[in-house]
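All chains are identified by letter, namely A, B, C, D and E, in their written order; residue positions are counted from 1 within each chain.
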């Protein structure tokens, strides 16, 4: 690992549904579990609110990884939202890999309000993975790079 | 062809329909254009030949708003788009009269150019072979060599919807339609990236793919409006093209009938259908086979779910 | 004075020009040929008659930044985009496309001068490329373009084994002077060249559009042409895409937009198309509310408004790209012919 | 351009210890549109709120950002504060710099940088906020209580007493639940049935209470104030109206070998049965799985003997659909299965029993008529061993990691009762810790030791081995003496861990109420909203929320009822204004949005639309704001971006994305 | 935490702090009666940092490695592994700690069971 790699601080956006994953993140916080500061959370009412447009926008503006967290399937606050998320994201992730985005830059995880530990663990793992992948160069807008 | 013209004239004359949507002959034999005909006299310019590849169903959105019925000539594959548009309430089936026309695969002059045939003056369809008169002498080639990509993965000779059918069709399938997708999946991620980088960087954002696409029928595209602060007109950076094509593919996912018009019209020859086919291949594998436009009632896989769907995990897009 | 070079020597020629300036020429990438910067890896393609995109974006890029505003911690800085400073050479411009540059010059070099365009024109040297095998979509002669004698700073002809080179302007001469690999020509060469030209012109005579004339089209025709009921019929297949506009060597409309860079905005301009529904969109809506009006605008501009304001110069050059690329088989030839047919009735 | 105020909270040292609050203020002040930025030790305090209010008034702020704890904590507080100061409450955004920043990071620089970015994102969002007005929805003044144990009965009674109709749905043929199975209750040792039955009778007789027994919830739709619930009433095969409860059918029924669930399968019952003598309703059901008539078509004895003509073999399941304003979950518990605890020989010896089985053995109506005897040979035990924490506090994956809470007390009760009734029986209790917090609880336990001579040994049992003579060798260790202990016992009683009733998981899914990893329903806040689910209109009563004893259950049931009454007392509810809306200029009328809407909130209309002077009639999606709950599924399925969600609009979320990536 | 304690935890992969002092390990142990430091005390000593006491305990010799305690422990403390880990620390301290791969070929003979090699590696590996 070169010095540059060690200094690499990825930009990571985490879309979290208000009812489960955002609460899970709160629990991770109140339980004082550590995860990297690179992760910035955006609150959405439901994982199904996350438009593929947002995900691409995040990469455009310089993010290195995007993670989308919602309630476990079957436990959606809105009954069915995360079922749609699951289908949409399965297709989107596959398509993005297909056009050559590195595996694992976009990820979906189900984290319940009670899973503070899982939230922290997931974030630790994800940041590690993105660090290993390095900077996102395959899907970036150079105009945002100054 | 004469039978089509006579039938159209009769339906116009007895008032069943107010206008006819078909193809009009132009100054070159290989350039028929989609056209509306409103009188028997105009119909004398009607043509139907091997160059009538254009999918006419999208024009019916516009004519659904007009008085009276529109007669449309649809090839078997066009009927899928027609159904899809009916399903999305963009076409009023009651205001259409569909005559299914026979099809044995359509060809383009583009493909002839790619075969190295230049200065084309006339093309004669002799069944299995084409005779091409050019400024530089007479050339010939097998009919199927000049066929559109989509005809090599024909959806079959059945019209999915029609008030009547005139003419015989043939199933022209001679390849696995997912072959290229599979080939790409087997490349490394880096190779795939290079492939799409090379293809998509040719994009000039002329929007031909979008505007010809039967299911890209938004009144205002998100890339023309401010709903997402995503208005784009430029091909300013490579990102913009990628974003445009990824989002476009996603927006038509589950709705795309794989009509192949996007690839047919791209002035830069970008194989855009590959993105759609990847999504179709995935959805078939994840949720069971589904063909958009097969009927007007089945819901698209992306607006449906089951409790035990596969998880959105990495590794489905292709090799690492 | 005409000079010559054997065809095998072309790579050396490219390298030599690239020593002097950035060299742009037709390059095949992912199956399509377009103008691109040369390097030793590029696949140069001189066999394709017409690049998919015209070379206009070397002088008038599809997208170019105008200035950038940067806002950080309450401080605003504005940086204007620098003008082109590097010399460049465009090799392989066809006669029609060269005429396209004349059209653009009328627009961008007349007062007020477009400094970005002017800087590129000043730094760019155009090597025109005579046509040998015109194709069915060509109709440059209708606009008085001689594809066998295209002009430019330098003209080149390519025969089976030889490249002929002739500098036409001081700029062209200056470039020629810096190249030492060009050889002298003899009488046989001159004869061969003349024969090539004649052959090309003969093909032009036999093209499907050889007899396309512009009778009735010019600045005087405004009212009648505008009001013609023909437009209503002609526009119908149009899908409102911009393929014709972006392929066209003379279309020069652009839009100015801001891009949010996260720390400010980059103001840029990019090609626009009068076929687009948001073309010249203003707060109150749009001047042209139907596709028919937008379609009419495009052809009225090329065949009526432009000549009316530019000493009769049409802003079509007969390159035929729209003929080849329109997804619906529409093009300017159909429009011209439709009116011709109407006039004969 | 908005005039934005930014308020950064120290939260004492909770935030300030890790985040340089002043730098956050400084950085926020430099953001475009920010005209006011300040910090304060406790923003949520009265003084803090006063500060915000005066800044809003004095500087004419149009939007505020509070950098503090999670919005789930104080968003409502600050919204109300803004509203009092004359600012629309939806012009408030919270940057969560406590749970998502100061509490998870150690490095001050890192945490401060992150807090600044989070503040920026909130500022960027508030720039695009628009004032929103909440709508209103009607409240159906009826409550549903799922589960007819003591928790459900008490909740229902309290709600009914306040004057609101309430339905109880119980899956068993009778209400009563686990409490009906108990013999005595701690710490007073009064008879369980004696205190429960009057409540059951009261519930049955109450004009505001309807009881659906032998019934289950099948489907739940709607939302707070307006739930629609489908209840499946299983076919009882006995006409409720005709049956007199004489019991003759049960007496005559020839199928008598069915394990008796009420007696924990220690005895048998007839195929037509009431679970216990005091059952409410006192109407039997036919267990079709074991009924000879249903199995073979022959028999029909019960029908013959029934003088009232109440037996009806043709009954089928019935689904009733009812509307409710509130739903209470009181599904209770069961004991865990012991198949993974081979060391206690539960499956090998009939004389190793669970505490709940002991309750039945001790009960006069139980399988032994209330005599303490070994189930293997009917002999009185002389030597009894109780083992605590069987499957509780177990983190090795075999049991439950939590403490079941009630075992220490009921074991003391059992030991005491046995020593009282049978002074010759030796009772030994193996324990890890004896946990007796509660009024009169420790005194109770000490009585067992001091007054009744129960032998308490600190140390767990390693193995229970059945001996050839039918007795049981219990090997344990006395950690105080540091010696191994071996007892040859006649009976071993296992204080088996309790777990939520298996129906809870499915029910939680139907209610979209969240559930924890142990299948206990999650409360809206562990301390401040312990009887409410995060899903509005859903309330938690009894063990479905977590282990608890009877007094605690009853008090929680009352609290739960109070919350329900508070809701039903309202004529209408303020609805969440963060709903979807469709831009008619962009809408294609394609119906994709309606396909994914879980609430049926989207319909279509033919409308004349004026698009910058171009008029035309088209099909347009219309959102019913009273039905829309704001999930946003429609916004993504809409390709043209016509559907957007107020409060979480496309542009707001994109502004946040941009700010984070900047 | 002393280096020894850390080493023991690393080798055993067990965490004595998880112990809730229920004594089930000792209760399940067939030879606990003969041990001077019983399995539950073993965990307790470690948690308290008195790990040096363990090095001279007879438990190391008495323990049968039957792993009943590991099976029964409700908290995953795995006392049997702790005992085994202490044994290894004793062995290593005697300087026989390192069997290097290079030494193996000399030790090989036809009679030598494969399992022994594997187990030797496991024991001597640091």
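Please note the rule applied: a contact is a pair of C-beta atoms (placed from the backbone, for glycine too) under 8 Å apart; a residue touches a chain by one contact, two chains touch by 3 or more.
Please read all numbers here as calculations on a predicted model, not as lab measurements.
Annotation: omitting chain A yields no split, and the remaining chains form one piece by touching.
Minimum number of contact steps separating chain B from chain C: 1. In this assembly, the chain whose C-alpha centre lies farthest from chain C is E. Looking at A-D and D-E side by side, the one with more C-beta contacts is A-D. If each chain is reduced to the average of its C-alpha atoms, the one that sits nearest the average of all protein C-alpha atoms is A. Set against the C-alpha centre of chain B, every other chain centre is closer than that of E. Distance from the chain C centre to the chain D centre is 72 Å, each centre being the mean of its Cα atoms.
Distance between chain centres (mean CA atoms), chain A to chain B: 36 Å. The distance from the centre of chain B to the centre of chain D, with each centre set as the mean of the Cα atoms, comes to 54 Å. Measuring from the averaged C-alpha position of chain A to that of chain E gives a distance of 42 Å. For chain B, residues touching at least two other chains, in rising order: 220, 222, 228-230, 236, 302-304.
The residues of chain C that reach two or more other chains are 259-260, 262-263, listed in rising order. Counting partner chains per residue, chain E shows two or more touched chains at no residue at all.
Under the contact rule stated at the top, the pairs of chains that touch are A-B, A-C, A-D, B-C, B-D, C-D, D-E. By the touch criterion stated above, chain D contacts chain E in their complex at residues 343, 389, 393-396, 398-399, 432-433, 458-463, 475-477, 479, 482-485.
By the touch rule above, chain D contacts chain B in their complex via residues 583, 585-592, 595-596, 604, 611, 616, 619, 637, 639-642, 644, 650-651, 654.
Of all residues in chain A, only 61-62, 143-144, 146 touch chain C in the complex they form. The touching residues of chain C, when paired with chain B in their complex, are 29-32, 34, 49, 52-53, 62-63, 133-136, 203, 206-208, 236-237, 239-243, 245-247, 255, 257, 259-260, 268, 270-273, 276-278, 323-325, 327-330, 333-334, 337. On the side of chain E, the complex with chain D involves touching residues 18, 20-29, 32-33, 38, 40-41, 68, 72-76.
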